[in-house]
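Per-chain residue numbering starts at 1, and chain names A, B, C and D are given in the order in which the chains are listed.
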Amino acid sequence: MALDKKDIAKRIAKELKDGFYVNLGIGIPTLVANYVPKGIQVEFQSENGILGMGPFPYEGEEDADLINAGKQTITSLPGASFFDSAMSFGMIRGKHVDLTILGAMEVSDKGDIANWKIPGKLVKGMGGAMDLVASADNIIVAMMHVNRKGNSKLLSKCTLPLTGLRCVKRIVTELAVLDITSQGFLLVERAPGVSIQEIKEATAGKLEIPAVVPEMQF
Amino acid sequence: MINKTVHSVKEALEGVSSGMTLMLGGFGLCGIPENAISELVRLGSSDLTCISNNAGVDDFGLGLLLQQKQIKTMIASYVGENAEFEQQMLSGELEVILTPQGTLAEKCRAAQAGIPAFFTPAGFGTEVATGKENRSFHGKNYVMEEAYQADFAFVKAWKGDVTGNLIFKGTARNFNPLMCGAAKVTVAEVEELVPAGELDPNQIHVPGILVNRIFQGQDYEKRIEQRTLRNI
Amino acid sequence: MINKTVHSVKEALEGVSSGMTLMLGGFGLCGIPENAISELVRLGSSDLTCISNNAGVDDFGLGLLLQQKQIKTMIASYVGENAEFEQQMLSGELEVILTPQGTLAEKCRAAQAGIPAFFTPAGFGTEVATGKENRSFHGKNYVMEEAYQADFAFVKAWKGDVTGNLIFKGTARNFNPLMCGAAKVTVAEVEELVPAGELDPNQIHVPGILVNRIFQGQDYEKRIEQRTLRNI
Amino acid sequence: MALDKKDIAKRIAKELKDGFYVNLGIGIPTLVANYVPKGIQVEFQSENGILGMGPFPYEGEEDADLINAGKQTITSLPGASFFDSAMSFGMIRGKHVDLTILGAMEVSDKGDIANWKIPGKLVKGMGGAMDLVASADNIIVAMMHVNRKGNSKLLSKCTLPLTGLRCVKRIVTELAVLDITSQGFLLVERAPGVSIQEIKEATAGKLEIPAVVPEMQF
């Protein structure tokens, strides 16, 4: 059965490793913070200027001067630091952030990503996404495999304006975990009960299917 | 000790006129120069180019300038919180230059630091790189970006002293320190203005040399855009 | 909370080997990583390229590495306090690359911040610009400079916490913050190592993400080069 | 009579204006701090990372963590700030420092300056001098008009390796105050009792002499 958003977040959380600094995008990626595996230490960076971001505040504790990149009130953990936006993106461009998790509208089988602009629709802006995807060595995309019309969002070539070129490393969708390789999308895991056939039909780009494709473990 | 204090927001904005390019600190509504924005509304200067990470919301922050149609060009990384903005952009009244957030920050910092141009990977291979020099260093591709040139920078700090030294709090720091000294005139408003010598010289975020005018701000609303709470 | 603490200078320098490029913080003898330098002497690694604003004095700072002839190439802005240095430079044993001080700082900062190259006016029209791209922006001439690439950065801070957050004191800050994260591995030694949460998150000069290893330094001499006093 | 070093510093101090941030080089420029005109406020920047530099400390007050660019122990004044070297040179390159006063071995009548290297002699390095001269709009050079052999150091072309090109605005020597103009060195003032002829003989570069050349006032 296809995963829900929480399950996608849960699966991505398994990619977290001890000592990782992680930047989480808005949407499904934000949920990843709820599923950090036991026994490992990670720190969350928010590009508006905090490292060591904690959970949302309790009522009465919220502070207008302490928000995340989604403009939500947050808290800070012991060992946290605040800094300006040049330092924040210095961390990102300088590859000091170990893992970036973000959403996408389309991903190509070369690792291109489109997630900021739909021609003809209102453009909100790329925020920090272009800096993040151009810089990180380790980018995981959390996205739906198909759009509401049932069309694949995993393409041979993105149709929307790009956010970044050849940058995505891994994709987790409601159907599968896929890596970007020189052969295109490599099917790594499938969601529990989802058939390879379903994934094949939902993937428009080049799909490499190994002999054995295990089901995701949570 | 060089004193940068001015005694009113009116005095602080002396010299602002229509057609100018302004930098405004803040991320969303966090750390925005509320007093300067109010005074810009009162002044009614028009045809402004505003460099700011966001464009406020309909009735607060830069949204107040948009309501009055004072902004001709908006340079920002994300403008999604504002219906008035959308309407003016779609009608063609408002020109919008979208810039990756890190590039926006670095272009301000470059202006502050006398760096005319630098290379960044952000936007390579996208429409943001169109018309800009692309170059490869050590096998990776980069885009050349130039420093901003602005007339006024308006920033908001938590504490400041009369020499213009500034200290920020939490994530209200964001773009504010980078815009200091990045324009011809830098105006800082602070929640608390203290005498010289009260701030620890080790803990100054922006040295006073980068600030031309400083004043005690008033009536800060510090509106929260997304009040998000944890259940007890 | 990610813990960066290592329990000895020996552990802190694990992986250092001959032929590497090292960054070392400090201005003159102010804010130099004394413990790391002692350990480098003990390790005896040779053919080192050292990036540091100065080269120490004969019997302290980088002078200790020069005595042992461990340095092959010195990248600095000013090396005038050191007779051993002079002798090795004149004999051709030591290669010296002199770099304007601001350019040195910015090349470190660029490495930290993922900026591969930038333009600076420093050195235009001089031998420093030879072989580098020159370009004019807004009628002024600039030289293109590239970010440094180094294997280890050794810095010294006043206080630090176990997550690697650093705070500096006075002018001992200098190049130290810029070298953090500018090399593959950054090693910070501190006069006082405190638990996470003891330092004010508003007042961190270097966030721990830029530091790979941190340790409590010992026996700081903090030698003064030019003790200059005022008459009472 | 030709000025001594203290008098050169005194004359340069008259160039300080209220509200100026000033960077002083080593040697004669350092002395300028002793002669700040009454009634004006200036702040001294030292490029190793302090703004609001005060006088040398009293015995027992010296702090190894608080030095100037000449590595001398100093103090800080109320309103001072400490910062890193990137910020320090950002201030300099960004033209936030109003006035730079430094020494020179040679200056040309185009405003070129040489002050860091003598071929064949030990090279100590340029320190921050190249950044300072390439950035400041307002550079005053404190120097001797002639060298020990009696040869002019104000030339039509520098013979030593340059520190910066066309950057010097004003020169104060033991004999005169001169500005760099499109006509070469413009004689602005002469030292008390020094004749125009003496200055002419001591200047190898192009020298423009106005009808009236007042004596320096202290």
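Miscellaneous remarks
Assume a residue touches a chain if its C-beta (ideal position, glycine included) is under 8 Å from a C-beta of that chain, and two chains touch if they have at least 3 such contacts.
Source: prediction; values computed, not measured.
Under the touch definition stated at the top, chain B and chain C share these contacting partners: A, D. Annotation: A-B is the more contact-rich of the chain pairs A-B and A-C, by number of C-beta pairs in contact.
Averaged Cα coordinates give chain C a centre that lies 29 Å from the centre of chain D. Taking each chain's centre as the mean of its C-alpha atoms, chain A lies 36 Å from chain C. Taking each chain's centre as the mean of its C-alpha atoms, chain A lies 55 Å from chain D.
In chain B, the residues that touch at least two other chains are 106, 109, 113-115, 120-121, 168-170, 202. Taken residue by residue, chain A touches two or more other chains at 50, 76, 82-83, 86, 89, 92-93, 135, whereas all remaining positions touch fewer. Chain contacts in this assembly follow no simple pattern; the graph is neither a line, a ring, a star nor complete. Chain pairs recorded as touching, per the definition above, are A-B, A-C, B-C, B-D, C-D. Interface residues of chain D facing chain C in the complex, by the touch rule stated above, are 46-50, 55-59, 62-74, 76, 82-86, 88-89, 92-93, 112, 122-131, 134-135, 161-166.
Listed in rising order, the residues of chain C touching chain D in the complex are 27-31, 53, 76-81, 86, 89-90, 96, 98, 100-106, 108-109, 120-128, 141, 158, 168-178, 205, 222-230, 232.
Residues of chain A that touch chain C in their complex: 19, 21, 41-43, 45, 50-52, 76-83, 86-87, 89-97, 135.
For chain C in complex with chain B, the residues that touch the partner chain are 106, 110, 113-121, 135, 137-138, 140, 142, 146, 149, 167-170, 202-203. By the touch rule above, chain C contacts chain A in their complex via residues 1-3, 109, 111-115, 161-163, 165, 181, 195-197, 201-202, 204, 207-210.
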